[in-house]
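Inspection log for the structure reproduced underneath, given as structure tokens.
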């Protein structure tokens, strides 16, 4: 029986960036100090998260109940393996993203930077909140908070395009969360009357009938529309109007990962894999996810806008995670948990590269990027690594998670889904690899002839380049040393088994 | 609209009629409303408890005095409301005077004027009588007040509004109305200050030369006077605002 | 004796019918007002009669008096209306015709 | 004054009285609402109030009748006339 | 018994005058003549009826009843006081409104009602 | 004096209203302090009363020293005390707001306006506190008459709206009165608790008279609360009246009427009668579903902020009526909680609308362009209110919706849950439309060549303190009520549980 | 002095109204009467130059006039009754407007005259301007009574004896 | 015959419904604002009629105690004994009460009367406010016909 420790640390980890809002707003007039505050908060947060790591790895959980807000229902924090994994990813990547966004924002001389950093901080706070939420209710609170806090980020440009994008973004996220999750949440509350505390075996079994379970499952899966499951995916490409750091945040760190994280929580914490297996309803979700994977990959192939292509790629990759969870086998679940981290690192690299390209050259479309690799070698190198990671090729972390997923699918005996994995991997490669290839080896012979020299490079400023290099390296490191991630994931699965 | 109204009316009427057959007969002494201890108490105990022979007055001003206070407030509110809706400065009356197509006669009619002149003091006396004798005969503050107000209306009708306004200018009207309610609630607050509940007149025997039961009776008279003040003032105020369209110049 | 009063009352009531008829046919507003005034007077009498029927006329005279007074005010006000408004013959005539139809 | 209850036959008569008044009431209410001249409508409404007052006197509700005679018959008719003076006399229905 | 008799007689005559007034009001041809019926017919009949009632009230001769009779008398005075004035006011109003005077020649047009 | 606290709640504004009428005509500066004093005393008394209710249970106060049913009494239990506190607080906040708005909008009638204002509050508080069915009618009329005047003092069209309100309001109040009459004819009593006792004692639940009385009272109250098909008076009244009026009446009148409905169902007719014997719960819930949807959709079609909010109020009324008629304990708790929450959130948005109207002089949505940069604090206040109306945690609106949906689910009325959610979504659309306008409007101002006068002057600036303060307090209260909803709900549950509603339907 | 008379007059009326002779109600009566005297005593008599004795004389004379008036009203009612109930098509009715002049000086006198004319058979005062009365008469027969100065002399005898002196 | 009996025993209630419906119909369907208000008054008086009808008792009298009930000594002295100024030969309040015998069925039920006093007052107050609004509307729109006003608003837009 894993012991649980009561500690204020998870709350603090979530709150620290929220508290950072105050100095950020107050120091709005002094950019350096303001960003100093951002960094400070980011590091403190990371430190706090890491400080909990040993405890978690030792098999304990950390709990803290803040407030019993509705009868029997409290805002409560609880750190377990999955939460730790996600918290680690989010907090570490925040540092990177912060750095990057400073570069990006300054590079483009964006307006309202104070607001940007403020909401950035709030978003992170919400993300960590989701990661460490102890029950469905707390999860939902932070989920909503994240939706709202990212809206000003998505619409940062305040132009017509941003307006449409922002509108789509909110429409999808709010309508699904209010329309699907909230009733499901209350339904669960009414039926179980419990505190909705996540537990490794779920708490629903015995309270609801099979058909209710199916409806609930679908409500939750579609309700957490941040996961980009089709048909509720189109906010994601729409949200591409946001500044790139935001896209990075959206796609890699906070938003979409929160979506899949929530779904993972629902599968493992609310229903419990055993219960789902008994009911045999997860296959529905699995197939939806499978469909999403294939469809999104095909759409991604047709996109010329780099960020949009990456966005559709994200849609597909997220569905891997959902699919992994829906397969319900230990390995698949482990794979999907790990994939959160792997994909995050890979995708953030890709996005930062896209941003760096935009900052340096102002180019958005893939067709314009012929031969750009020669001007921006570091960026495109990182891009390639990221792409490899996303596709799931060595020497990147993506391979690890994909391996687990595929074997998990075999465990589950879903050979049809196995085929899907394979097809999609090919498709992934088809839409990601050509970009790097074209950049380095342009079709246009004139560009191809240009000699490469470090001096002619037109890389973006160092604040942009550094983070993407870091994440690219990280992707490789994760290939070499994925143990602790697997260990964290295994904590969840192991408890299950 | 007409057909909708018809449907609404028919449905409501049917609804109301459907319960009629369940009612006790008209004039039934055994009906629940007449037989219940509430009305019995009012009939048999009013005089012993308040020494007022007119049960209606006693119930009105004592048992349900709280209601009546708000009834007075309703009048007051109506007066203030009408004033606030209609009253305008004479200035903007002048502005649209060009549009006025009506002409007004200034000189009062001799016959009407003389009749009213002789009548008004008697009406006023009568009004005071009605207020004062509310305990023994029908009437009371409200009716008396209306009659008193009617005497002002009569003056305004027989001469013009200014004649009445000289007597009770607008500001005094408002003050009177306010004072009326203040008198009423003053009795209530006095009871509170003496340590009893609001409007519990019995306690006033401490400051009145009377027994507790008489204190009730006398306080009721005081309360009725308050009501009369308000009614007088407000009835006249409403009349003068309505009849002059808010500019206090010309009336009927 | 009460029965006599009631009969008297009903008789006076019956006499209201012709007056109500006048109210219905008009033809002009002032005719109606006259009729209303007459009804008011009759009502005053009726009130005293009712008082007699109840055997407690001292309670009824008060408001019979009020009644007479306010009836007077009412018809005076109506009369003053015409005093204040310019004679508008066309209106009253056309209005009268509308009423007839 | 005798304090005895009145006998049943008399009651029947009062009832008849009541009945006539009620019929009158309905008639005046309808006329008052159907007249196209608002001044007449106001005056007829006055008649309606008279009848109400009678009715209440007949039903032994003296205080109510008193109030109605003061308010319904006198004051509200005057208010209505005042409004007719200040607005218009014509009505489309 | 005498007061009762007086009462019955007076009330009956009063009602008779009421009849006169009422018939006059529907029968007379124009506004002015109707005004005659209304103004005069009422005054006397009210006087008679109320006097009759006052007389009945005095059957039981006590101070209270005298006062009641006095009040009834007061109503009578009031009505007789107010009635000519309101008659005057109304007829003046009609006159100013432009009511046409009925003449025997024009009788056929108007007397139909 | 503690014993007198229930009476003081409404007597304080009443007394000061009269004093104000006497003193305020000449001395206009006196009006505002008097209003604030009266309402502050009222709020304090409400708090004390609430404390006492929590400590001692139901408090009775006999006016005139007569015990019911002979006299009129105030009977304060958990429900009353809470609603009274909400009413007086909202009134106080609106009064603070009105300091500048009233002189600006009703130039020479300030003292009259404030007198009516205080009397209106008195009426509303009286409705909430009284234990007598007829007294309730009188107070309804007081609050209604004052409302007509408060609305009628607005613009040209406000008068027409007030007239319509008057007609509808009178029909509603008269139906209520008639209903009380039908109760009286069968029970002979007017005291609410006594009526209930009589109904039980004489076994009148099957009587058609009681049934008709119930229908009449319900229809009457529905008209007064603008329940959907009977709502015609509301939108224009709250749109064209002075902004203070909207901010006072918008949050309070409908809520207080819902309180009356709950009081009638629970206390007078008993829930067994209303829910079990009549078995109308389905019909009314469906009606409320239609109300919610229709009102929300109508709100979408509006271009004027006030009008949009007015339709939202109608939708919220649908929530509460539906919540009550779910015949479920949780639904009832949710409705009562929503009364309080909704009072504050409507207040919040109406104050915002008032500020915008005073600042820009316009009512349409485009008046709000770029306000985030110009009036950040105002917008923050508004955001909280908007989030609460949408139902975003941790504002009070979320929790009321939580309880309502909980009631809907546990009573199996999924259509109600669906309507609630759809309406939340529509609210989200509505408010994010505004937020969008306020958020995006700022930028084009730099580039384009429009030379509005506003832009020359830098546009509207942050509202004055007296306007901003109540808005922000309201926003804070919304969060507070949300976060401490357990405490509030505990009081409500305490009250509701004695009626044992949950047992009835089963 | 004047006010005292008014007070007494009003108090008499109060007694008729009240019918309660206990101290409490009499006190109320005195207070009310005093109040009315204070606020509206000057409504009663326009011309206050006349002495109390004069007024008393007038008051004594009034009843005789009233009796005569009652007789006139009686006649006029008979007249109306006859007209109304006559089976023929209103034989005598021949309405016309008549203007007459009056010599009465005081307003009260004119008022009395106008009302008397209204109450006498067949005539109604429509308007009164200065010393000219506009009268509606139902038939030529009835007009004679008005034009015959009889009434005016009676009124003058009561109210304007002083002025003729 | 039974129907007739049922009708006659509850005649007041039937008529009250009819009057009320007349008023309600006028309130809803009439175009003229003043007419609506007249309809409203009729509507309210119908309710008053209903209430007052409740309080009627067969063979009752007005709800004021008889003079000789309150003043037992009245028959001899023609003087009312006031309770407040207890001269020696007047009975005190307690004595009067001790000898007082009131048969409840003799008097009409006073409670509906009290209630209806309030209702009448409310009625006239509402009527007054309604009329004031009507005048203001006429001042602003130049008409008191609802459809004309609505049209003028529409055309102004």
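In this document, chain identifiers A, B, C, D, E, F, G and H correspond to the written order of the chains, with residue numbering beginning at 1 in each.
Going forward, a residue touches a chain if its C-beta (ideal position, glycine included) is under 8 Å from a C-beta of that chain, and two chains touch if they have at least 3 such contacts.
Predicted, not measured: the structure shown is a model, and the values here were computed from it.
Any chain touching subunit A that also touches subunit G would appear here, but none does. Each of A-F and C-D has its own count of C-beta contacts, and the greater count is at C-D. Separating the centre of subunit C from that of subunit G, both taken as means of CA atoms, is a distance of 23 Å.
Subunit D and subunit G, compared by their mean Cα positions, are separated by 31 Å.
The distance from the centre of subunit D to the centre of subunit H, each centre being the mean of the chain's C-alpha atoms, comes to 11 Å. Each of the following residues of subunit H touches two or more other chains: 11-12, 18, 24, 53-56, 58-64, 66-67, 69, 84, 105, 111-114, 117-118, 121-122, 124-126, 128-129, 131-136. Among all residues of subunit C, those that touch two or more other chains are 16, 33, 54-56, 58-60, 62-63, 65-66, 69-70, 73, 76-78, 80-81, 83-85. Counting partner chains per residue, subunit G has residues 13, 17, 19-20, 25, 114-115, 125, 127 touching two or more of them.
Touching subunit G in their complex are the following residues of subunit B: 109-111, 114-115, 117-118, 120-122, 124-126, 128-129, 132-133, 136, 167. Of all residues in subunit D, those touching subunit B in their complex are 11, 15, 62-63, 65-67, 70-71, 74-75, 78-79, 81-83, 85-86. Taken together, the subunit B residues at the contact with subunit H in this complex read 1-2, 4-6, 8-10, 12-13, 16-17, 20-21, 23, 25-29, 31, 33-34, 38-40, 42-44, 46-48, 51, 53-56, 59-60, 64, 67-68, 71, 74-75, 77-78, 81-82, 85-86, 136-138, 142, 210-211, 213-214, 217-218, 238, 241-242, 245-246. Put simply, subunit H touches subunit D in their complex at residues 8, 11-12, 15, 18-19, 22-23, 26, 30-32, 34-35, 37-39, 41-42, 45, 48-49, 52-53, 55-56, 58-64, 66-69, 105-106, 108, 112-114, 116-117, 120-121, 123-124, 127-128, 131, 134-135, 138, 143-145. For subunit B in complex with subunit F, the residues that touch the partner chain are 15-16, 18-19, 21-24, 31-39, 41-42, 62-67, 70-71, 73-74, 76-78, 80-85, 87, 89, 171, 174-175, 177-179, 181-182, 185, 188-189, 192, 196-202.
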